[in-house]
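Here is the structure we will look at.
When the chains are written out, they are named A, B and C in that same order, and each has its own residue count from 1.
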Amino acid sequence: MLENAQRPLLSPRGVLLATLIVAVALPGALFGGIMVLTAATKPVMVDAFLRQVVQVDPATWPYTTLVSWGAVFVLALILLTFGAVISGMTVWWEMRVSSRMQCRIGYNRAGAAGFLQWIADAVKLLFKEDLIPAEADRMIFRVAPYFVMVGFALTFVALPFGESLIAADLNVGIFYLVSVTALVVVGILLAGWSSNSKWALFGGMRSAAQVVSYEIPAGLSIMVPILMAGTLSMQGIIRAQGAWPWQWFVFTNPAAVGAFLIFFIAQLAEGNRTPFDLPEAESELVAGYLSEYSGFRFALYFLVEFGNLWVMAAITTTLFLGGWQIPFVSAADWATARGAADGLPGLGWWGLQALSMVVMIVKTLVVLNLIVWIRWTLPRIRIDQMMNLCWKYLVPFGFVTFVFTLLWQVLVARMPVISEVTGVVLFVAFLVMAFFFVRLTKANIVAAGDRVDMSNW
Amino acid sequence: MEKLILRRVDRNNEEMILNFGPQHPSTHGVINFIVETDGEVIRKAVPDVGYLHRSIEKIGESTGWHGFMPYTDRIDYVAAMFPNEGYAIAVEKLCGIQVPKRAQYLRAISTELCRIASHLVSIGTMTMDIGAFTPMIHGIRERETINDLIEALCGARLTYNYHRIGGVAFDLPEGWRDQTLAFLDHFDKFLVEFDRLISFNEIYIRRLADVAVIPGPMAIDYGLSGPNLRGSGVDFDLRKAMPYGVYPEFEFDVPVGKGMFGQVGDCYDRYICRTREMGESSKIVRQALDLIQQAPEGDIMAPKVSRNLKVEAGETLSRVESARGEMAFYVVADGTNKAWRVRTRTGSFTAMGIIEAISPGLMVADLVALIASLDVVAPEIDR
Amino acid sequence: MTLNEYAGSMQKTVSSFWHGLSITMSHLFRRPSTVQYPDRSALPVRDMLPPRYRGFLEVDVSICTGCQACERACPIACMQITLEKDPANPKQRLVTQFDIDEAKCMYCGLCVEPCPTGSIQHTREFEASMRNIRNLVFRWSDPARPFPVYKVEKGAEYFPRAPLGSLVRAKLDAIRWDAPATRYLPPEPPAAAAPAAAPAATPAAPTTPETK
């Protein structure tokens, strides 16, 4: 009853303000922390910091190790928090987008545009009872979410955010990422087995089959940018690409377009996203491996599922879409801005870093939206079709792209201009496609007798 | 009951018994399927019905002739006009009541709109069972408009109770005709968009084509009816084969499964039959809205239908083409103001019978598609 | 699988996804078709409903003839009507009880049709969730002050009726959603309560804690 409704705590303007504070300050603080700490935890930076700001000699000062470990610890905390926050925000954004696609309004209660809903959901899940089925394998049941969580958290070690903004630029970066993401499937399989539910078992088995199969096309397609860059390091792969779209790996090699698609599909499958959401297939397996989980443990799975979107998108951006590269800023400019290699960098360098981070975030969000968009359009494929797709389509084409890239690199070594020409041609082709797509989208609105109206977004 | 069914399932150590329901997202209500699986492959699926039994047939024996009408809504609450119509026709046959022309047109309009609404739910939930969520909401969106129209016509969105013995309850409201025509114009565009969105989606086709094929003779043997029967390539529609009401006056086609992307009688044929049938229903509504203008306004009830109706002893069977197949009412009267027996035949209940025969060899995901393509509604199975 | 099928399936996949994705994308730029119930719509929802909407039943006792046609038409006996002779005026009959259990009502509209004066009507009111379901039993006749039946004048075509919905609205406003269950006093007339309609007529079962 309207008259009896409780008066809201805040006025609409207050709600908007509170939402804006959370929506801006929370990611702002996290990204800021990541930016400062990823750069500052490097030994060179710590040394320079101690020498120039604290005025001590890092070699003899007794607390040098403590400072650098402390910084790493704080960074680790921030990265974990970032994973949780970004997955929550992704949930909110996905719900908003999906509701628009379905002519609904979506989240709109908690906070302006329902932005605080993910916080409310998380709090609710934390307070829920942590149920363990009577016949479940209790130990494995409890442990399984942590495997998933650890597999997810470890990816942030080698995930680039900007030019120098990476927790650890491993020389086997992409290899490391592929291996730690495979840890997630262990958790899912354990969850499926230990729940002692037939649905969960189905989900776990499906997930194992799916992730293991799709590692192969994913690995093959990852080989393409690796071959083109000549390194496994995430930053190395990005540095090998240019800032402009026609310098990205996806456009500079005809086979890389195929590799991009194969990698993208394989990522969808590994992240259990539609059309490959078979392990949790709501309409078939109730909730798959999640069937018996509740409360905090369920929240962990949920967090990882949506946090993985960011990871998937960031890896795709790194490998194929030029990462954090800023137009008009060459490697020489970075070095100039950095100044002396063993000193603290100036404000200009930090500005460039922030810019590179923005570029990376924007590209990642675009890819993330692509995944969301696909989820709300396509139906789910069947398990045998999923295997067919992997082994009959993706793996052979993965090999083709791999071999083609080998030959292509030989050709590019002889004629460097060919990669630039291909880049321009493919990018123009992409633009033409995008133009036709936009036209078709407009035609859809007109054909349904509707009009463009964003007034209620 | 469960033990009884389990006994029918051959058990050895290899197979797993899966209780697919009664609370499962894709059983469309409370139905239980006891499924014997070998990994993902189903050896046998046995439906276990009766969870939603409300003894509506028995209620028909205790309420008066008029009083049973609201209960018929509850037989199939997704398409409540059809049981309304079936029961009304049955009693009218028993009493020899002649329904005015305008009421007959109104019945045709309301049932065909209801058929569209029901098929929208059917194909919507089918896409959702296959894993696409958006098309379902689009279907529900259109259904809401139909619900609004029917609400303006009879005052309720779900349990309409619109038909009466001897006619219908209300005449057309003012401006309703134009609203309906505007909706149908929009709806024809929607059907095109829906086909592009999901019907011709390659994953969707692959999930449904050649899955759970029911050949025509088998469909007849098992007593399937409605779109399930026509999906198997059998051209049998009560509106054409044994026309009732004003259906002979309308021109419309009966969509029949042709094996569009696979064999005749697969899940996709049943699906596409429904989508095409919505277009045909839209045609019928247009024609009925034109023809109804010739019938005098306000003439919607047969004269002299007593409030306390007493029906002479006798029995009758009425058959209407419901959204879920043939809906038949077998009514026996014994001369009092209550029915002696009301028996209902519904499409969903007969459709359950074929699941055990057709399910061996399907995968778990295919069983979901099969149930969805048979368009079962739990209350209609159990009544 | 021939090469043609192999390539054809890929081509079909791409083209069908192309169309599907363009449609979902186009919906991002269209206005949603839902309204935000209950507090962000332009009008209260009850005012957006069509006039024929079958919501709560409302009885205008000033034109009720006490003919009990509605009670007879009701298939689930959610109404209870009791008539008595006025002790002061033996020719005048009084409606001492006119209860409608809105929680039991299935809103079929069969009671509205036989009403000779249009006293009982469906309104567009529908929002009344109550903590105690007995609070949804509406007493249209106060047992302490029963109302006399309305005498229809010969040839009358118009019966003055209170605005539709105003009476039921007043009743709903008078009761809070979490009000304790009503205990009806004084006791019901014992002779009138037919067993079939007992739930509406018998006093509140002492299952719910009474705060009085």
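The criterion applied here is as follows: contacts are C-beta pairs under 8 Å (C-beta built on N, C-alpha and C of every residue); 3 or more make two chains touch, one makes a residue touch a chain.
Note that the structure is a prediction, hence the values are computed from the model and not measured.
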{"item": "Identity of the most central chain, Cα criterion", "value": "B"}
{"item": "Chain separated most widely from chain A, comparing mean CA positions", "value": "C"}
{"item": "CA centroid of chain B to CA centroid of chain C, Å", "value": "28"}
{"item": "Chain A-chain C separation of Cα centroids, rounded to whole Å", "value": "52"}
{"item": "Distance from chain B to chain A - Cα centre to Cα centre, in angstrom", "value": "45"}
{"item": "Two or more partner chains touched - positions in chain C", "value": "17, 19-20, 23-24, 33"}
{"item": "Touching two or more other chains - residue numbers and ranges from chain A", "value": "101-104, 376-378, 444, 448"}
{"item": "Multi-partner residues of chain B (each touching 2 or more other chains)", "value": "134, 141, 193, 197-198, 201, 203"}
{"item": "Chain B-facing residues of chain C, complex", "value": "9, 12-13, 16-17, 19-20, 23-24, 33, 49-54, 69, 72-75, 106-110, 113-114, 122"}
{"item": "For the chain B and chain A complex, residues of the former touching the latter", "value": "16, 18, 24-26, 39-40, 127-134, 137-138, 141, 185-186, 189-190, 192-193, 197-198, 201, 203-204, 206-207, 363-366, 368"}
{"item": "List of chain A residues in touch with chain B within their complex", "value": "98, 101-104, 198, 202, 205, 274-275, 277-278, 281-286, 376-385, 444, 447-449"}
{"item": "Touching residues on chain B, where the partner in the complex is chain C", "value": "63-64, 66-71, 73, 134, 141, 144, 148, 151-156, 159, 161, 169-170, 173, 193, 196-198, 200-203, 307-308"}
{"item": "Parts of chain C lying in touch with chain A, wherever the complex brings them together", "value": "6, 10, 17-34, 36, 38-39, 44, 127-128, 172-173, 176-177"}
